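Take a look at this one; I'll ask things after.
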Amino acid sequence: MDTREIIEALIFSAAGALASREILKVVPDISEGDIADAVSELNGIYKDSGRTFRIERASAGYMYVTLERYAPFLRSLHNPSRLSPAALEVLAVIAYRCPCTKQTVDTIRGVDSSSSLKSLLKHQLIDVKPGKPMRYVTTERFLEVFGLTSLSDLPDLGQFEELFGSE
Amino acid sequence: MDTREIIEALIFSAAGALASREILKVVPDISEGDIADAVSELNGIYKDSGRTFRIERASAGYMYVTLERYAPFLRSLHNPSRLSPAALEVLAVIAYRCPCTKQTVDTIRGVDSSSSLKSLLKHQLIDVKPGKPMRYVTTERFLEVFGLTSLSDLPDLGQFEELFGSE
Amino acid sequence: MNPEGTNMMHEFVLHLPSFEGPLDVLLYLIEKNRFTLEDLEVCPIVDQYLAYIESMRTLDIALASEFLDMASYLIWLKSCLLLPTGEVLDGSDANNPVQELKEMLIAYRAIKQASSDLSSRPMLFRDRFPRGTAHTEQSLAALSMGNLLQALHELKGRTRKYVMDVLASRFSIHEIMARIQGLLSTNNKIRLEDAVTSRERMELIGAFMAALEMSRVALVRILQRRVFSVIYLVKR
């Protein structure tokens, strides 16, 4: 049996992202690089045969996602919950400034952010960092949702970082 | 866009089996027969390109399954252990209130917590403290899972309630 | 109200849902006046902001307190600019209030930009959908602090007041009293610190209060030979 196909079956059957180390546990004698190669070969096959999904590299590993152009059809099936502009702003502050307190978020936005923080916590896009005072950080889920492999993938905000050093 | 591909994306993104009527809602002007045809064409494509999964017709609708011959690999894939919402509640009570008796947990939750306690013990997230009455404490593993260095790292509950209690 | 004001009022009403806060309103006004943040004329912006607040009030639209806070801040700022104090507010001084406002706006504009960048990325569950999974229970590996806190919060919503009273203190005096009683069932005399299981100050205080309470209801006698020496609890 081909290693590539075993890797496909593994990622396919996983609930959510599958970490490379999980794959390495099951398929011995291969490297991280072999997995990446297999994944790009598989994506090539999907592309050539007109498939509607690809394997994506997420922060936590590999996961299957559908192509963007099918989203209009899928949305009606999933009824996705939307993030409000306020929640997106809060998320942006936390992403660029994490860990940070609610007070920092409120100060930068000029308004109270309680309800956005609540909704982001519920969606697991942010988490509470252990310790006091209570500070917020973005989650792996956040990276997955926005297709980032790490926070350093975020575009540079220039002056912003100068204005606010991290807490 | 090809109807067949839309059907593929729909079944692909569904949690579990997807009923034909759900597909008919999204893709108008097709019949049940068209869906069945599309599915068998897709399965043909998967077979020809050596894919490890097929779409199967189940009583509840269509769903993706991996081929049987990959099962040995999938079984050895670490099956992530899961925690029910009830167990999470019990864990939270014990974390903030340890050491505490089962009776305390039950009183706070207003329901019997036996099975949750069992599951938490099995996952080594809590442990029994020697002595009488039997009292529960969180474990090192608990600290690991939540990224805490000690219980005093737990976020301030009052601060969290300020945020969440404002409804 | 003058025609211009009425006009503005309608304009604001049309735009209202998209303002995320007072800073957002200010950025909108700055753009509308074709000012840049670097070359900002404060007075017209202040006036227009105040007109906005006024029109909202006239229309009986509830404004978040932040909008009013900003209004009073801007009035103060304008008065600084108008007073002939001789001080020059040219943006070079770190304590310059105009500079402070500019920095607030620059930071907010950066965040607005960042949030629109985020929103323009192909988002999971909006533009890309993961392969479906039927799991609804939380995977142990994905557990977060937020999950734990939310679990407690939901619990509180269900069982109301009692929970928080109990959870507010990690060391209940009743529990420590029960512990002391347990210890005194096998010994006639114990040290106060034997009733303490952690090294936390709060628990020690709790144990002391428990001892006082037990002494009050004549369950124990408290003995201490000298100041700061060991405190003993003796069964009565």
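Order of writing sets the labels: A, B and C. Residues in every chain begin at 1.
Operating definition for what follows: a contact is a pair of C-beta atoms (placed from the backbone, for glycine too) under 8 Å apart; a residue touches a chain by one contact, two chains touch by 3 or more.
All figures in this text were calculated on a predicted structure; none of them were measured in a lab.
Asks: Name the chain with the Cα centroid closest to the overall protein Cα centroid.
Replies: Going by the distance between chain centres and the overall C-alpha centre, it is A.
Asks: Is the number of contacting C-beta pairs greater for B-C or for A-C?
Replies: If we tally the C-beta pairs in contact for B-C and A-C, the bigger total goes to A-C.
Asks: Among all other chains, pick the one whose mean CA position is farthest from the mean CA position of subunit A.
Replies: Chain C.
Asks: Centre to centre, by mean C-alpha position, how many angstrom separate subunit A and subunit B?
Replies: The answer is 18 Å.
Asks: Distance between subunit B and subunit C based on Cα centroids, please, to the nearest Å.
Replies: Here subunit B and subunit C have centroids separated by 31 Å.
Asks: Using CA atom averages as chain centres, what separation in Å is found between subunit A and subunit C?
Replies: Distance between chain centres, rounded to whole Å: 26 Å.
Asks: Indicate the residues of subunit B shared as contacts by at least two other chains.
Replies: 9, 12-14, 64, 80, 146-147, 155, 160, 164
Asks: Tell me, which residues of subunit C touch at least two other chains?
Replies: Residues 129-131, 133, 135, 139, 144-145, 147, 149-150 of subunit C each touch two or more of the other chains.
Asks: What residues on subunit B touch subunit C, complex-wise?
Replies: 9, 12-16, 64, 80-85, 88-89, 91-93, 95-100, 104, 107-110, 123, 132, 145-147, 152, 155, 157-158, 160-161, 164-165
Asks: Touching residues of subunit A toward subunit B in the complex: what are they?
Replies: 1-2, 5-6, 8-10, 12-15, 18, 22, 25-27, 45, 49-53, 64, 66-67, 69-70, 73-74, 76-78, 102, 114, 117-118, 128-134
Asks: Would you pull the subunit C residues touching subunit A in the complex into a rising list?
Replies: Residue positions touching the partner: 18, 20-24, 64, 66, 70, 103-104, 106-108, 110-119, 121-131, 133, 135, 139, 142, 144-147, 149-150.
Asks: Considering the complex alone, what residue numbers of subunit A touch subunit C?
Replies: Within the complex, subunit A contacts subunit C at residues 12, 15-16, 53, 56, 63-68, 70-71, 74-75, 78, 80-83, 85-86, 88-89, 91-93, 95-96, 108-112, 121-122, 124, 126-130, 139-141, 144-148, 154-155, 157-160, 163-164.
Asks: Using the touch rule from the top, collect the residues of subunit C that touch subunit B in their complex.
Replies: Where subunit C meets subunit B, its residues are 129-135, 137-141, 143-145, 147-156, 158-159, 162-164, 166-168, 170, 175, 182, 197, 200.
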